[in-house]
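Chain nomenclature is as follows: A, B, C, D, E, F and G, assigned in order of appearance, with residue numbering initiated at 1 for each chain independently.
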Amino acid sequence: MITLDLIRDIASWLLFILGGAGVVVGAIGIVRFPDFYTRLHAAGITDTAGAELILLGMILQAPSWLVVAKLVFIGFFLFMTSPVSTHAIAHAAWVVGLRPMLGADLKREGDEP
Amino acid sequence: MVRTIVLAVALAGLWLLLSGYFDKPLLLGFGAASVILCVFLAHRAGVLDFEGVPTGLMPGVFIYWWWLFVEIGKANFIVARQAIAIEPKLSPKLLQVVSPTKTNAGLATFANSITLTPGTVTVDLEPGYMVVHALTEALADEPAIMDMGRRVAALENGGDA
Amino acid sequence: MMFAVATAAILVAMLLALVRAFAGPTLYDRVLAGNSFGTKTVILIGLMGYLTGRPDFLDISVLYALLNFASTIAILKFFRYRTLSISLEGPSADAPKFEERDVE
Amino acid sequence: MSLLAQLPVIPIIVPLVAAPLAVLMPAEKMGGRIPYIWTTLIAWTVFAACVAIFYSVATVGPISYHLGDWAPPIGIEYRIDLANALVLTLVSGIGALVFPFSYESIRSEIDPRQINLFYAALLICMVGLLGVTITGDAFNVFVFLEISSLSTYALVAMGANKDRRALTAAFNYLVMGTIGATFFVIGLGLLYQATGTLNMADVKFQLAGDNNRMVEAGFAFIIVGMGLKAAMFPMHLWMPNAYAYAPSAVSAFIAATSTKVAVYVIIRFIYTVIGADFDFASAAFAWLIAPLAIAGMFFASIVAIFQSDVKRMLAYSSVGQIGYMLFGVSFGTEQGLAASLVHLFNHGLMKGALFMAAAAVMLRVGSHACSGYAGLAKRMPLTAAAFIIAGLSLIGVPLTVGFISKWQLLSAAFDSGRPWAGFLIVASSFLAVIYIGRVIELMVLKPAPENAPPIKEAPLSMLIPMMILVAANIYFGLNTELTVDLAERAAHALMGAGR
Amino acid sequence: MTGAEIANAGLLIDLSLLTMLVLVAYVMVRSRQLFAIVMLSGIYSLLSAAFFVSLDAVDVAFTEAAVGAGVSTVLMLGAMLLTTRREKPIIAGRSPVAMLVAVLVGAALIYATLDMPAFGDAASPANSYMGEVYVERTAKEIAVPNIVTAVLASYRGFDTLGETMVIFTAGLGVILLLGAGSARGGREVSDVEDEDAKS
Amino acid sequence: MSIEHLILRVVIKIMFAPILLFALYVQFHGDYGPGGGFQAGVIFAVGFILHALIMGLDETKRVMPIGVLKWLMVIGFLFYAGTGVATMLLGGNLLGYDAIDPASTHHAGQHWGILLVEFGVGMAVASTMMMIFYHFAGREPEIRDEDW
Amino acid sequence: MDLVAFLAERYNYWIFIVLMMMGLYIVIARGNLIKKLIGLNVFQTSVFIYYISIGKITGGTAPIYVAGDMERWAHGAGHDAGHGEGAAHGADALPGKDPLGAGALHADETLQGDFELAGNDLSTLTGEAHGAPDTQAVHAAPSDGVNDLLAAPPLKIEDHASAVADAAHKAAEVVYSNPLPHVLILTAIVVGIATTAVGLALVVRIREAYGTIEEDELEAIDNVAEFGETHAKGAAA
């Protein structure tokens, strides 16, 4: 029993650290990246790797099946909605005419309105 | 009718998962009533169609998801490295992808999968193709994306056949 | 302890997202930051449940995830169509075209 | 369970149930009469219940009703003593008159499709005010205050069909009212933090004369918050426009009731909740309430003189009259309090009558401008007579209620050793002579404009309630037993609870 | 994990959330883009709701999230679509007055805090009197696990009746202001009762 | 059917029924965990708001007509007030739920009372919120472009 | 009590004050009507934070009974003894601690208060309300009806420093935060959203009628229109 708990703890530690790192790195990306479209990708890290890994870590530590079920539901919900939100924002910007920086030199091509 | 039953069963399962009270008949009764009400409203709202309840996709979707998780993990790593690199080497690129999928639900799944994978975001859907924004040249790997598309298409076939 | 570490990470990330929400420069950056902020809050609430020893209140997290989504969609319609009432099913041609680069 | 035991909730629960039902009634059938008759009947029922409560309180003693069968500090309590019974009767009485009164006026000012909603909102406004008055629970005051405020915002904005300034007036009212309500909530929070309870009487019991900074600040916040709602002098900015541009019937109702209720809440909190025997309370009387009351009495009356719109003039006069009430409270004596209560009641009667007359003029002449009142004594003699009598009452001419309340205030001032206060009251009454006299002069002495179309007297549905109110103005001016004696008893009970 | 650690973690969360709240509020004061402000007010709600969770007020957090981040954001967006999206420059001369009022109110409250019981004090009058009575009696008299629901719907059920009336009144007010029969710029408001929608 | 918003449409169609179910779950588990009528009503309304955002307001009005909402608003409130009146008729005070089932030692009356009033709150709040949304979203804007 | 502790015990309140001041400042200083409403929201939300801060108990948990704890409360505190026993229970769970600092403000008087209410249980309370001569029960005596109804239960003596969260699983030591402020704030939140909705509707109407929602411009338009003429709807739109 103790070993099982220990394994569980180690696994959650790992997941939390990975997930936490993902969340922070994603946030750093959101701040650092040069334009809106590149920031979208950084936000993607938080939404997928960060959030889901932490949720997984929490699932491992869950005291009851009910909590597991709810965490799975949240994970599923994020999994379904986060790409949609990302796409929605990106699409809105795209349609309005915000053009991405492209290429290694990060030039905007369609800079006219 | 099949969709109605599938939705009802799924909702009933969801209720039990959320509620966690299996021994209170009152709550179970409310659960049943709620499921019926939800199915009725869903029917009325016109979401009980091939898009809203994609029964066609369901059977193989879990295997696909597992594959997707791995892909997401890999992509995450690449993007994260750029985010914390002292000098990020970004070379964003737009590419047009022709989706191999046939159904709308499949197309949506494909587009979502692209967005979910960090480094690529579906920016626009047009009839016939979609516009994808990729963070670096390496991530704008069209064959890999098409591979994903084929997997989704395979899901559709598996379900419908 | 592990929950505290994860919480700390989330809090740091929230602060960073907030920086982007403040700085802009385009409105879409703000929306993106706001959306990302919402996701982090979802996780934070879950973690706080563990920290206080009562992880049974995850309903709040579910609700957050849901509302975050809903408001992002509303914002999309806000920008794209300038109305909340139009259907997204019809042809997109009737949408008012406006070209705007909202850079502060 | 007998009806009598449930009497205290009847005035609240009946309109609460009736208002949503009014929403469902057809608006346009029979010229909107269905919701009108329904809400009028309800208003009368409520009035009857309030009178019964008043009678019961006056003869037997205070009523305590436990909502949900939970004993007071745990549950919410309705606690009715003479002070609330008086205000209850005033509010429901005005309601019982305004509802039948409103029909013609509303039909000319409101879109026919909205009549049912309008009456529902008016009923909700009334129930909110009643709920504020009747309750013995501090937080319940806030809830019902917001019910009445929210409906008032919408009702005031309904005046936009005539004049779009109603919208900005309503918005300003909303902002100020919400700030006021939030201040009130902060004050409640402070009191709660100091005592751990929300029941008014229990707060006082827990405080037991104990004084600390939380209570002081809480007291200040409650006074300021309610002062905003009551249009106490420097916080009255929302009020003139709101009254001036609201639909006439709405002005008549809220002018006669809503600020009075807010003043009542101030009194209630000073005496029942905090207790006037705290040092800071008397300091507040001397340095905050009294100066503001005096400033209001003079400033608002002077501004009223220069108004060209009769409703605005009346609104400014209300600000001044609120000053009288608070001035009476600030004496800190039983007599001053009694005078305030009497004036609160009487002022409801006179302002109600004045605004009703203004509504009748609005219906026939189509304007609230002073110029429209020229020669009115010939054109609409009964309405003009009503206006004149109520106006004289506002000035404080003997044989009217206005005289009674001024007299009470004066004697309270002298008895409490403030002869200067008596002088101030008399002086500011002269200002009322000027602004009311101006309108009376217009009506009686000036001829009607030559191109004025001939107009009829106001319809009976308006005249009768107006006349009843005018008669009340005179009756309570002659028979002071009901008001003065009871107000003295009420004041005694309020002050007595303070010791 | 020891109690002290939990307390520290709690303090950390509290402080960082409060710091972010202040930051958001400050930027809201400064910013002039209405849209950004609406979005920030959504974030403000989320943050305060997270703060409520850390103060054990799960029901409140639930509601605040639903209302602040959900409904009111959507309503604000809807209203902005019907009005404007930008704020004009600040009116000169009002800020000092506003500052004065705000500082006065703040000073009064800070004065009050000097006598307040410590934050989190179980023996403060607020927490040891009625609050505790409810905790004790709910189990005996109502027997539902959620004490907040018990107090909300039974002990103080009448407040909640009022609350429902408030919401009803708000709906009524909005219908009166924006619904059929309300005046409007140039055109009549279309009669969007059911006939219209059913077609 | 335009393909431009396919992703949104598909996902929201999939999520619609679960959101409503979640709302009802919150409604009926208010006794056991956080939540209750008000929160449930808001979530329920959010479900329909999402529907309106994607499928268009007219379609949502077809699903949930304004006339029905008006009735639901009233009925929801009357559920609450009616419970109070019923307890009065049964011999208690207003909202004294013990009168519903006075004999019970397990507080059945309280349970029923709370359940009923919470249900009323949920119904009233959901319909009112939808009503408010309809009125904001359904009003035609007349906006000058420079304001935008 | 030293300064650091004093600060640490009140920082919540002070931050609430800062937030509230910012909200109030927005409401008064800004001319845009929508922004005013947002300011009102901030103002109200900060008040919510204040209330919730009042109800927090260090080491407490959300006021939802943990599994099994409800039965303990229901049976642990007997029917006859009422709160008296509840207090005794609290005292002997953690003996020998004094109520802390400022919190003991009312300790003396409440402990000396009379315990009539505390002794009542549900049956006597309802019995009183349901009793046969109803009117008599409902009409309390005019003057002294207050004090005997309202008596304070004794202060519960609780050591909050050692009540830790993992105790949540041991029912005997659970401390619940105060539910009452939560209830009040739930109501206040609803009032807040209702006000916001009506306010926004008004703003929409103002925009349609005046063509602007800036307060100074509105005032200017109104001042022009002040003399005599009443405006037809939408003249400026």
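As a convention for this text, a residue touches a chain if its C-beta (ideal position, glycine included) is under 8 Å from a C-beta of that chain, and two chains touch if they have at least 3 such contacts.
Keep in mind that what you see is a predicted model, and the values were worked out from it rather than measured.
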* To do: Would you pick out the chains that touch subunit A and also touch subunit G?
  => C, F
* Asked: If you walk touching chains, what's the least steps from subunit B to subunit G?
  -> 2
* Asked: More contacting C-beta pairs: B-F or F-G?
  -> B-F
* Which chain's centre, taken as the mean of its Cα atoms, is farthest from the centre of subunit B? -> D
* **CA centroid of subunit B to CA centroid of subunit E, Å** => 35
* Go ahead and note the Å separation of the Cα centroids belonging to subunit C and subunit D. => 47
* Structure fact -> Per the C-alpha means, the centres of subunit A and subunit D lie apart by a whole-Å value of 58
* **Centre-of-Cα separation between subunit G and subunit E, whole angstrom** => 13
* Structure fact -> Among subunit F residues, those touching two or more other chains are 4-5, 7-9, 11, 14-15, 22, 26, 32-35, 38-39, 43, 46, 49, 55, 58-59, 73, 77, 81, 84, 91-98, 132-133, 135-139, 141-143, 148
* Mind pulling the subunit A residues that touch 2 or more other chains? -> 21, 26, 28, 40, 64, 66, 70, 73, 77, 80-84, 86-88, 91, 95
* Asked: Got the subunit E residues that touch at least 2 other chains?
  -> 1, 6, 56, 58-59, 61-63, 66-67, 70-71, 74-75, 78-84, 105, 109, 115-117, 124-131, 133-134, 137, 141, 143, 145-146, 148, 152, 154, 156-163, 165-171, 173-175, 177-179, 182-186
* To do: Any two chains that touch count here, so list every such pair.
  => A-B, A-C, A-F, B-F, C-E, C-F, C-G, D-E, D-F, D-G, E-F, E-G, F-G
* To do: Mind listing the subunit D positions that touch subunit E in their complex?
  => 16, 20, 23, 67-68, 70, 73-76, 111-114, 117-118, 120-121, 124, 127, 131, 137, 139-140, 143-144, 146-147, 150-151, 153-154, 157-158, 160-161, 183, 186, 190, 192-198, 206, 212-214, 216-218, 220-221
* Complex contacts: residues of subunit F adjacent to subunit C -> 1-2, 4-5, 8-9, 12, 15, 19, 22, 26, 33-35, 39, 43, 46, 49-50, 52-59, 133, 136-138, 141, 143, 145, 148
* Asked: Which residues, counting only subunit E, touch subunit D once they are in their complex?
  -> 105, 108-109, 111-112, 114-117, 124-131, 133-134, 137, 154-159, 161-163, 165-166, 168-170, 172-173, 175-177, 179-183, 191
* To do: Flag every residue of subunit G that touches subunit F in the complex, lowest number first.
  => 62, 64, 122, 126, 129-130, 186, 190, 197, 200-201, 204, 208, 211, 237
* Structure fact -> In their shared complex, subunit F is touched by residues of subunit B numbered 7, 11, 14-15, 18-19, 21, 27, 30-31, 34-35, 37-39, 41-42, 44-47, 49, 51-54, 104-105, 107-108, 111-112, 122, 124-127
